[in-house]
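Chain naming follows the written order as A, B, C and D, and within any one chain the residues start at number 1.
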């Protein structure tokens, strides 16, 4: 297939740009075009359940409304999130915010009570509100369910939050389950532990497996949207091992493959493990999720 | 400080090479030299507890004996491991092995029952033995402790294994606790869930926090050895937030910092969050752990 | 400044997407937005001469029409190209083409006379036409100018080519000089040498410096668009040292900074060398040029 | 082949460490072991001419003595260098030095007359001495040879320098030719141009091709050591196209392959172009040259 040169014009739509990428079909541009097609097809196909994993600082980095929009529009059916993305979603739901870093030294930031994630800042005052609020929610939830799975906990939190941009709240109201196998490793996990010291509240680590496996077995086909991450990506892939693997998937990552970490592994590797089906349609885009995913999703919207 | 040129000679020791790197002190060579000094100092200092995190395919990739040696020699006091590294340690303890990939296509590998991790292969026959054996251990452990934390579970497994190269066995016998906040996301986790469906066996997700926090508060100083990974690195850093952060640390990673994922974040960022102390001595080496860590540890051994 | 969440909608324009990135302003999305503003401003400002460097496989990778369009619209005033990008522009001008790789082994490709650049293929038959045609042009040019500078040679070639999509032809007809300090290292260079063995034709390596320095000194301000590359990026930066450095610049690269290669160096480093002015406005986007540059340029077009 | 676990011991030699890597044979450690074997074999084999390319800041970064040692010991037969590595070799030969960066802002460094390369600093006073000295050499050389090729120029400079650690001086005295196709793009090139404005001194860009092609055709076999770089790597590969390609090669780079730049391309790609022979033995190590090359070379010395 001949490589066509890319043409750019004033006022062009995102989907026109990706159509140009598709005509070129090579290097990064080609990867974006193929990922867009796979994404559009998995969303359009009513027989495909869409699983999405959220690794890296996606919520602090501006992806919160997109995730909520995808849930509302029925474009995603199941989410696997890092604990941090849940924490930062709640931090905003409780009135907090993220700020652009101004280049201060990390010791200065520490003195001012500011935590840094690359070029994003978060203030300790917002974390104080977070602590107060999350404990208030734990009180309510533990009274109702003293033993709870992680997914159920996130669902209950979501139902108690009133923020239409919160992806936790939106997911709860739209029956999109959120799994978070590493939830212990975030501010929610820390507060959970402190709370459980003087309350009867137990989080079952393996408690979500029956529900997750029911969803996998109940899915005619499964598509994967794997955004950054190691644990969240692997959990999404591995949950599908029970049913022969994903039918199609896109991943976006900056990690490289040679050192063997799961985060940087090519999706093809998943076929050897039956985490993706032999013959499945897979695309990896090497790039920053905050650039690539909005680009791909906007282009896919015009194909649905 | 002037950059000295590096001199190489026949029969030179690893520690001589790193001494040459120290005289140069710039680029990657300088990073290796500084990391070696920090590592040697944290091991030598009796007031420093050494926490090590194991992310990426370290056990399949040849780091198993080094981790066990470090435990035996008292060079590490606490480990945070990915589930996969635990699984692959047990796979070898149960008689299995890892093999060098021969370049077959992933669909071919699938047909032959071989899983691929970069250029490493694992056979499904070894996983079948793993399943049988891990379930045998679960029987014994669940009879003794029907409710158990993750660290306790790994300890009990370690005490039941007879393989002097297993880091799980060696850690159990040397009172080095192993934490694994993401254990659910690996073959052990999968088997745990299947086992728990018809056995009374509950893994408490937050159950390790009291013990971990006791260790942190009981440490005069804490040093970190952060090998690859996202979750395992973060959990190691975050556990120290309770006591003001790490006093010194080295990390080895191929992930880049710009996209904001924790795995690629510079250690300095941890200071803003009080996960590393202001004034702490920190070094990042950008490179493949299987090359860099043996190099650094061999050089550090000559300084202890 | 608060990080705003990114909103995506059906039928959105590229410039709307980048406006959303600007409201977020962090991570990769923020870098894209800042680069777009710098690019739009340098193009709009009549006192700024725009220098663009072309490294990596940009012409085989689909950027040919964009470069030609920028020349025609007066959006670029000077180009520094790798020899390979010149060669591949001529290969298409002489009727050849680039093709998408189909995954064959490199030894198979060799047997079929196909050269591979990542996932792009080029056929030896097209290189045979290239050889015949470039030698025809050398005959004409050497008869006119037996001693010639690299820039003059490229100009003369451009005037003899009839392909409106060729950036060499378009540049020649629009008085945009193309410099190529490494031209010897490509198929044009190889043919030049063979031709010069039995023809009186000498290429002066330093012959372009007076003209280049005149342009630099004659520029009120200079903006840089640095796409990939090591030599081409450095030559563009270094040519401005004579006049205090670039006034503004964007670079797009996948190379990392730690190992110290110029290709991966942050643009800020150029300030220390007076290759960029202190106070200059600089943005680096870490990403694949074939994705990022069309995105940025399309968004900039709506701001001009 | 089974992956063996790596064992580390006190006082171990570099070659013992690499022997451990060889027993593991996977991930980065395996790449280092394979590269060491290829390097040792190409040095040992009297029928193999060894071509080495020097890209990235190798001389400022501590590799100067190693390159000179390799020349003296007959371990390298031909060098392709970036202009910058030549410049920095001369800067030291003329009494200058490189210094470790202390973390100042680039605008501060500029005010102090210090140029920065990653974490390396160079002072403008040393460049002033460089300018005076290089012009003194140009006077002598131009009087002798008013028209000169790049390789001849570097040779003549080398013969006039009295510094046993200078790789230019060492190469000249040991008949190891140094090619530098991009020499115009460095401080030597800038001074050349200024000098040529009022002196009769012409550098022929294509003048080295006959000599280089004679060496290639006169080599029974050619081995490549490709350290960093884009242009220098490509020129080394491409010069061998005339004779069917390299017979064996190692490359060390941090650049990634997906975006298609030559610097990050896998060596296998060179087979499709006949720049490496089909069946040739090739190894790529992904890593920082200043760590990896001393490690590999020290280990190879024990095998020769």
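In this section, a contact is a pair of C-beta atoms (placed from the backbone, for glycine too) under 8 Å apart; a residue touches a chain by one contact, two chains touch by 3 or more.
The shown structure was predicted, so the numbers you read here are calculated from the model rather than taken from an experiment.
Undergrad: Give the label of the chain whose average Cα location is farthest from that of chain C.
TA: Max centre-to-centre separation from chain C belongs to B.
Undergrad: Is the C-beta contact count larger for C-D or for B-C?
TA: C-D
Undergrad: Approximately how many whole Å separate the CA-defined centres of chain A and chain C?
TA: Taking the average C-alpha coordinate of chain A and of chain C, the gap between them is 36 Å.
Undergrad: Roughly how far is chain B from chain C, centre to centre by C-alpha average, rounded to an integer in Å?
TA: 44
Undergrad: Measure off the straight-line distance from the CA centroid of chain C to the CA centroid of chain D, and report it in whole Å.
TA: Computed from C-alpha means, the inter-chain centre distance equals 25 Å.
Undergrad: Hunt down the residues of chain C that sit against at least two other chains at once, touch-wise.
TA: Only 26-28, 31, 57, 60-61, 118-120, 254, 256, 258-260, 286, 288-290 qualify.
Undergrad: Pick one for the touching-chains graph, please: line, ring, star, complete, other.
TA: Topology of the interface graph: complete, with all chain pairs in contact.
Undergrad: How about chain A: which of its residues touch chain B in the complex?
TA: Spelled out, the residues of chain A in touch with chain B are 55-57, 60-61, 82, 84, 106-107, 109-111, 114-120, 150, 181-186, 189-190, 192-193, 196-197, 202-206, 209-210, 228-231, 234-235, 238, 241, 254-265, 268-274, 278-279, 288-290.
Undergrad: Give the list of chain C residues in touch with chain B in this complex.
TA: 26-28, 31, 256, 258-260, 286
Undergrad: Mind pulling up the chain D residues that touch chain B in the complex?
TA: The touching residues are 1-17, 20-21, 24-32, 57, 60-66, 69, 97-101, 118-120, 165, 254, 285-292, 294-295, 297-298, 301-302.
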